[in-house]
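Scrolling down, you'll hit the structures one after another.
Next come two complexes built around chain A: one with chain B, the other with chain C.
Up next, the complex of A and B:
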């Protein structure tokens, strides 16, 4: 036994020595190698022009190139567009394409394809505000496209990036109903750094290097294997044993705690500021007594957010204070924090006329929560326990599955609900929809389900959505955040603790150098060994 | 009674009065039960748990959902007898309150099991013929369905509340009772006393419920005791899989909630597990004792 132990220890020491030797050789990226990425779900198709969602977006941004890409500081960079210019009046954007860019079948990428792509996205993508103001796209020559806008639209740059603004070939997807096009999932002809090699529905997608990619010498990788692994335990084991190199959107605190102990793995929360995931408690502001701002604020004060983050996420999550994700350029912390204060909460309820009865109960109400995750259930149980302290008796309403929860909330059939909503980069795309009084669309998932109506907030958002000057725009959103938090249609708790996890012994230039994280092209990623 | 008294007085004095003296059947039953020490221990555990379930909430008046302290405290730490769970709730209080829900679900599920099983078994055994054929095919259909899976589907379909959990458990576990009841009825319906009842013009309903049923009950009661134990395990399994009513505290829910912390805080799962183990063991010992007590052959010893 002792002998084996010594042998094992010796082996480990040797391994450690080689590991120490590696860093000297890692500076220069090198060609070749296969990156294995695991993910909890695999999408049915990979055409980001017609669907949102990260399962489509992660492989989709490898297969299709967007016009623009972003670095990790929210600075737009040239990608398929060599350059672009927003007109001084803000009513048009001229895009100059790279001249050497071709699709995976060899056809050159032209302005015709750009016009077709934008029109397709406008007609089919769930985010209607993204290209909402686009009136038409003209094509003066093969490599120039001009996007015409009905009003200034500062969100346009973000809408042209990552999985939101992909360029798809007109000669492949131009005919018939694009939603039914079989080439969304098989025989994909894309514009990105990797081309489809094999897709096995429900299991994996293998993408290989596209040799004629428009960026010289890129991508470095020969192949990306994107594999579905639904079970948390299987993912942990695959990463620990080195069978997988990379995973993204990991948020389970147990999973993170355990993987943090592995010496060859790096966990990072970087790369999620564009997605901007927020967890919150939403009110149905048309139901009594939640139509009274004071009741909503009281609940805000009664929730011990710091404690929730500590217990639920073992310290892996950041606090969210308002409608905009803390990682966004438009984030402003100058809002009412609703610091935990039970006395204040009770005083507000008193003022709202909700007096305690003989049992100390002021109000009986319900809370819906997202089914399927242990964290969501704990989240709701903590909320229930905390609200009991101010005399609010909450019955938790479990939904049988995700769809029925969506249906309940989208149909306004709730008092309070836990929700998890993404910012999607620009507030116009992912934030306005939650607060605009014009976006109360019963039955549609993630509209203004709170049915919040405030003319002042509407006006500020309208103005901010048209403002092309970044500093002025920031000021307008700072105002909007302050107003919304004060009105409290939603109590903000935390940013989802999404983490990208990679094997740093193998993966060079991990895909965390963009605000879009893994939902951006991995042409820069390489394998060290 | 008077007859037997007169015979004892008339005959020669017996060697041992007890052997001849004919006791009231219930007293005999109790005496037989208490001869089985394991069964007595089971009964004691059961009474303690039911007592806790009934009276503790009245005396303590606490909220088992209240987060009283830091999460995952060890037993004894911070004055918490059994420690705290993953959300900082007192485990001892949670287990005491959980007893009520667990026993209620177990009892209700066993009741539903008995009701469905008895009705179907009695009908099949009494009427025989095509009624038997149809009912037994239905029973077989339910027998081949994997019970836990079926219960999961039912709970998932109708949202996890206490009622749906109890009903689903009942719906998936009645087949054994039906088979047993049918066998008893098939046997008893040919007995002389049933024929006698029929010959004086008793109707079917009277014969089923008042003539055959009391005689068929003993094995069914034993079965019911065991069913309570099985139902408690079922509830725990469903809760473990996250299919429990989030508004009520049960032992299975405690295990399900804390299973992610098994390696860091084993006590959070162990204590509710021990509670389930003791209850199911008690039910099974009680069932054993009841079998003995009902068995006339053992009484002669």
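Up next, the complex of A and C:
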């Protein structure tokens, strides 16, 4: 037990901490008003228990409450759980629910629902490691649930938070195949601060204040209108003219540059440290010559990362140095940063036996990139130009659409590919999957598609995944980052420049005060006028 | 009885055509790499092998191609278009919900283009070298060569961003209660920019067409006879000449009805118009086969009906076609 986990005890103290986390410099929050949020896509359903992804998560966390929420310093806070305690042996977690919590249909939220939710998530959610070690959930009384674990599982607190650990009503979702339950998108009965008023597939979702929400006086907003707006130009105009108050996950450099000029808008990169989005170049480490780490390292040295960030993202993106997002508590910068060095790159290729031919070409290979959006295309072109300098001739391979790119990469049918992968809070959830030799599963998107096998890395991750002491855990991940970067199955370039953009004349307490950003409850947000 | 024969023959063609549409498109869609399982996993930022397998199994995607195809054709013949993989609702509901906005957009644009185009053409034809005529020629050139999304964005920048007098997107404001008179007014208000953008191409074309055909007809014998009878210019133009001048416009408009559908995809995307076009486009990207198939089936159906109506429209405008045996 260390400081990180002791935070869990004492519900009342935690409530005070939540109140302190709210910026107090501004005026008192006001009741009422409608927040209009625009987003580039709208999900087919809003049940985060069976799907991850932000289109489901942003509205999903308004409709469904999780057990825990996080502030912006990675400190877990009570939410639907008034308090919780991880046993000293790390093999169980006792969750004490709020007694006044009810679902949108008035049914009380009980430990039965918690047990049902965790079982549903374990069986249906794409992230198997979240509740992987959970053996069963017992319910000694209506407001107490005990999660039993087969092994210590420090990731469980993150798994209990935000869109990952929502509580859904057993009496609504308990029967039949939950994946085909029409109430994932219509007539939703949730546990969160807002209830569903209307959902028009492909267009918008309107959520309205849930008057019996378990936090007294919350939420402040009367309504949230969440509208799909696929066109970047339309989003810009909607925000500029005040037709929309908020958008999230904006990353297009032109959009950001333009919106930064508006007097009414604030752009912030805060609120993405849990999602932890990284952009990188990955190798198929089973294909020659990428099975030789010197070749991979050479490519790392040949890429001018600073220049790329400047050209591709107009400086909006942060540098990523390894498998863990710079905003994570587990991030360590103590790694080889592959500073741009063409001579070194050439020397490594020489050492690997790749000598230039008469035309100066050492190697012909291919690069796949993610379709859609000009940035990935430009990225692939810059990479091609940079690798040309060290005698690597790259043919760019476009995909017709996103899913065919996924199929190509998941099927290991590539030499090199650009990729964007999220950390999803705890390394156990979103980092291990990319490097574990036991997670090479052909056909499954975002497994260890690099087919990277390293027993030492496996062992360190295994240990870190079981370590409940935060300081020791951090040290293990620091070691893991150093090892992975040295082995270079992936060349890390940057953290995706996601920004939340809001109209500061209208929006008070913008949803950026949590590591989960807009994928956390907006019970705090209010409209100023 | 002749009319009935035409209808029966047409219906038979239509049925065979629809069957061909199904088989051909289903095959094409099957050949696209990746399916709904990849889409769901992609939007989720991850998946497990069990999940991928379960999605495929529950939609029958693990079956061989011919089983899937025959299964689909069989269900369609029984009037069942299936359920959307992505939205988990019956495709028919999805399409009917989107058909209204698309038809509203397409039909309004087409009518606007036909009426204004003809009017412009007729006015221009009276002074073939006048300023207005030149203006029409220039407008036609711009309207026809400018991509429809470019026109749309230009109009958005002018009317939404700068003047701030027209709405940006959607069918109506989500908070307006549908069915009320305010809602209808709101829809009309939201309709202006998409319709003007979409009709711009066709307007230009039709005015050129009407102008040329009007000039042609104004030089013909029967108009000279009418003039000799001492009829006024207005009566000659609007009663005698216009009817004939409109025929090529209707012909082209009928042929272009399907084109305008594809133009609508772009306009719908730009204006977030909840029509079939965006649904089709996004369903293709998602690999939502039942939805795509349903839309293709439906569009083919609508185009066939519209061609039939064009044919009937000829018969009403021109009695000669009514008499001849051109089925």
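Here are some notes:
Operating definition for what follows: the second predicted complex is superposed on the first by the 503 of 529 C-alpha atoms of A that agree within 3 Å, B and C clash if a C-alpha of one lies under 4 Å from a C-alpha of the other, contacts with A are read in each partner's own complex, and residues count from 1 in each chain.
In this section, a residue touches a chain if its C-beta (ideal position, glycine included) is under 8 Å from a C-beta of that chain, and two chains touch if they have at least 3 such contacts.
This structure is a prediction, so every number in the text was calculated from the model and none was measured.
Of the two partner chains, neither chain B nor chain C is touched by A:286. Applying the stated contact rule after C-alpha superposition, one finds that A:179 touches chain C and leaves chain B untouched. Using the contact criterion defined above for the overlaid structures, shared-chain residue A:388 touches chain B, although it does not reach chain C.
Of the two partner chains, neither chain B nor chain C is touched by A:150. In the overlay built on the shared chain, the residue A:380 is in contact with chain B alone; chain C does not reach it.
In the superposition on chain A, contact of A:401 is made with both chain B and chain C.
Looking at the shared chain after the overlay, A:254 reaches chain B, while chain C stays out of its contact range. Touch counts on chain A: comparing chain C and chain B, the chain ahead is C. In the superposed pair of complexes, A:77 makes contact with neither chain B nor chain C. Within chain A, the residues touched by chain B in the first complex and by chain C in the second are 400-401.
Contact residues on chain A toward chain B in their complex (touch as defined above): 254, 307, 311, 369, 374, 377-378, 380-382, 384-386, 388, 395-401.
Interface residues of chain B facing chain A in the complex, by the touch rule stated above, are 63, 65-67, 71, 86-89, 156-160, 242, 245-247, 257, 260-261. Interface of chain A with chain C (complex): residues 34, 41, 43-45, 51-53, 55-56, 124, 126-128, 177, 179-180, 182, 184-185, 198, 200-204, 206, 223, 225, 227-231, 233-234, 237-238, 240-241, 243, 400-408, 410, 421-422, 424, 430, 433, 441, 443-446. Residues 32-35, 38-49, 51-52, 54-55, 58, 84, 86-89, 94, 97, 153, 156-157, 160-161, 164, 167-171, 174-175, 269-272, 274, 278-279, 282, 284-287 of chain C are the ones touching chain A in the complex.
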